[in-house]
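Take a look at this one; I'll ask things after.
A, B, C and D label the chains in the order they appear, each numbered from 1.
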């Protein structure tokens, strides 16, 4: 990456109100523990989706071993000059465990609610039931590049892959940042991808207009990355369920928050040129030792969390949901004919459904309440949801609780 | 059927507050246009799910050609004598069009949200994309019998089936009436099945504890059959979407109506022995000329309506959803090599999603508000949701609208 | 069942050349160890599909714990009197393990090659990945009845099912015996079903025109039930793969045996009225501890064995294939939060594919070489493949090996 | 691309015996109408898979409007210097119709036999049932790059894509050329991709070690691209079915050609370092106006053609099969609410299955008989199947027919 670009990135930081994460610098990541100026997570506002308690971070990183890294790329302002900017894009890496990402697989499954989008590696996961890649989230037009660069990064780390060991199929999912970003530019570099993966941390997860979520729009408000978690009581196994979304979906009129028709109540502050409702990517992680067929069921439950916010999953959307479990690891090159694993009885799986629904619901709200107003190509502005008005509406419908 | 049984059925009518439909008697069907004493549909209470206008009946029968018939079987009271009663069961037939049910197919698709249940004919519909059977809804343990008797009825009507014409695979779906009914008895006769099919009418659809829904429990209240519809404006094609549910699902605590946490507010009146959350069958019909791959997408959207009421689709449920379109008919024995059909562009399909979500949501509410309290085996009582308290709760959360 | 009928069955035995199995009588079953007069298994003729060695019985019962029972119902001759006969039908039960069939599940999966048929319980197995039913094979029009009677039998054994324990969904698969049988009669009784299940034995498996295969036609020759197995060497785990087919499929012209175009060479002896190519049900069992996602892969491999015999899986067929593993049992009511199981590494799964392909291929040949000529309704005759001519054709193409 | 490289490509032509196609130069393409020196298509050798007649080219291009372009990249010899070569790779483009590839969709479906591989765009096609991309075939590690470059090429042609019109999801499928190629190098350029797409022609299709098939190995012999077609008689609609494979699969021992155990008979000439069995991509095109659910069924039938050659679809393979129909085109931006299309009755679909099975079988044989011996990285040699010995073996088993 040319120095000039990174320089610009730093200059652009102000625009995005501190949403830039310089991957690999733990300090920067920690700084994000607090919200961008004037923003807050749902729970801090008194909006509490569901009944169950969250984990300590209320984030996907509450699942032991799961790390998240963002690279945010913001560059230029004003009129679109195709291929040159302005750029409002990025890449997010979810690193699902701390073993070898490619030589050890963890059970995983993908549910496709609406497939007008892409999540590479889908067939591999469906076949083997195993995830052997970091999960990369980015803008639609970056998919090929991020796929290629993630592969390069995995190969640099382990050159035997694809020769004496099974080749890795990168998992790259996307939603479109075309409202704000010069999509044609596809300005993601090797360093950006490597930084997101290598810089992934297990602490608090930056939300809103960061990483893959940089240019995204949620129910006509600025959105992007959101996360939440739930923890079961010890009697039900004590498992954690964490969710991370890249939210770029929804029609304003249909927006509901905890059942309240917020979209009917706040119907101004719409993005300039009307954009069709688009997509959401949802990733669920749990430490409950679920097998891939269990995880397919978990992935389907995210739909029920998504529905609570008012989505109808429009035709043009790529609503693709991945669930994975860190509870067992499978060695690809294991030579022994028998492998002991563990799992939970079917009767206990339901206990993981409500956490999944609630954490998905809350992660979507967080993506909006943590995102800041952004100006992108052609000075197109996408507004952040105004938190004061949101609180007022929740109160009008008698749904505001004591802030957590 | 022995005369004594039918006699008893008439006597039992009072118990179910007039929910018995004597199929084939138009008068009885019309009588149901009004609700059972003290019950009402959601819209009449001021509960209006979503934005779009319903069709004239606000029922699946608003779709031209779709008819519904119920046979309700209620017999005996007091302690369970296995195989002899008490009986609280029945069968509902959805007749999807007025042509030959077996020689003409209409496009259809099934989405399986949670398959711990049965919908026979699933593979046939998935393979051909066509529905060539009435859709039969009943109690879990009646499936084999209703399959056999529906087949017999279709064969009696058309003995060439399975010989010179393709054999029919009956579509039979179920939810469990084990809370109220002597399931072991499996007391459905040929006449019951024939009456439901032949007596299906295109007028108002009886709801609540009728037909296949007779013994069902919804969010811990008495439930069963519910229906609703939506009609698009002419500019969007003027299509109708109708939904019918057999609702036997849900945990009280999680019940939401139009976003209001009704289950937290009304947490008494629970059914005696705690029953695990169970299943829901959803059937969508539309006159929009959708093909089977479109209908699969439509069937998936019912999940989003279901989620609005608070379902998490528990492990033990059979949540299986069928969508069909009357917009094209396929002649199985058509000799010509080319067949003209029509369909809608992909871009217009989204217009059918919101109606599907809203009608599903409202049909579930109707199943509860129209059902009457029922006493079943071992004097086990399942209470109807108290409408006065429901209205009060909706008002508390500022969600009551002017009754429609 | 009226005594007269069983009496008739005994009289009819000659017609089917000893193919009647009186379930529950070990003697009768053992008697079948030898082939019907003039018939032989493929391997005894010098036809050896593939490279790998079979198990001791060369049958699905080589998998420890797997048992098979047949009830064959043959009654009447001459013109069809609908609902009264002649009858050429039956039911086969595969009992997959010797534990509780309904309280203990074993991993299973179903692959649907062409779904113009029925296998009930499909959705249940797809959801849970577990088989909790015997596998029942019968004629198309018997499905509802066999479903109902299997359920009754399971409930009689264990009345808590569906109340305090999960209800069982019977697995009933079918192919059409309409060429020989009065399908309208649906003459399967409770005793027939109970006898097939309770009389299932772990010894040699009768083949050809027995049980569910009684009225079936394979590539225009008499067919029905066939079975075969393969055993891996200890270094590859020593696992056994067993296959049982109910074969009612195929176009004569396309028939190949071990690659030899037998259908082109023997094109006489066709069944009277031209019947469209129909269906095949394939069941695979193994003691390798595979999970359900592995078994789905195994089930798909049966297609490759089926293809070797010349099938193109015609539009009208119900070609539905189930694979299950006895290597782990799951207790439905297990109270513990964690359950240790075992499985094989992905890299070893391929070792089970060639056995599956070969055993499927050979089971189909056995279904033909073991079936006897049968005369059914309206004196319609379906000829057995003539073994002397078959051997001659194999020799012509240099494919005859030393008989095993 | 630096001039030096293209220069080298020309020099390397000899090595690959004329397999280099300079895309866009009609002359070069026509030159390939004849086989490489010493090679021949199956039919010219007297090996005729099945009964039905091929189209004029016996190639996928017999389907009106379907074009194929190859870019072959061969560079360097001797020891592997990672990232620098030797290179034995390429890209093949199947352009499925002559309209706008991205604004007009044609019905399509994908069947995944074994998903340890990648075909991007899978979810998009499954959702919409439409193909809106050229089909790109390449080496495993090129997927990300070819995805990105194909997207770039489509956007350059039509910059409104992804803004006012739906974005395109490139369809890129792969098999691994790791036996011969420096996979790490990923040396595919924009010009290579553009040349394959823009240079696609409707005439004879080069086969063997060309385009995406350059570095592939089939049953331990040199393989790669193969194609074949079948044409139905006018009474069955006169439709054409064309198949193209990129074959990189199979265990020598299991190889069968037209039922003859060729792999047992020719078991020398094995590739140096033992390579695990790998993958095959199969593409079917037809002018029969099938809808996407029909095409899914067609795609499944390719398995039965593949099985005839001896595949068991090993665990490590990416065996992913796409079928598309040129019989209807759907305008993505069509504003009218109703769209007339045409299709064939279900009963006629079976007529397309046998052509699909036979053309798949023959395309695989062609991939081997047309490929030339190739030396790749570290002087590793993969031998072409010796045609004289092949003919001799076919004769031994009495399967040689009069050459076509």
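One rule holds for everything that comes next: contacts are C-beta pairs under 8 Å (C-beta built on N, C-alpha and C of every residue); 3 or more make two chains touch, one makes a residue touch a chain.
Keep in mind it's a predicted model, so treat the numbers as computed, not measured.
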A-C or B-C, whichever has more C-beta pairs in contact: B-C
With centres defined as the mean of Cα atoms, the chain at greatest distance from chain A is chain C
How many Å are there between the centre of chain B and the centre of chain C, using C-alpha atoms for each centre? 36
Averaging C-alpha coordinates per chain, one finds the centres of chain A and chain C separated by a number of Å equal to 48
Residues of chain A that contact two or more other chains, please. 114, 127-128, 297, 316, 346-347
Using the touch definition up top, name the residues of chain A that touch chain C in the complex. 127-130, 236-237, 289, 291-293, 297, 330-348
For chain A, which residues are in contact with chain D within the complex? 82, 112, 114-124, 126-128, 140-141, 143-152, 155, 159, 162-163, 166-167, 169-170, 176, 178, 183-184, 186, 316, 318, 320
Listed in rising order, chain B residues that touch chain A in their complex are 51, 113-114, 253-254, 256, 258-261, 277, 297, 300-301, 303-308, 311-316, 346-347, 349-350, 353-354, 357, 396-399
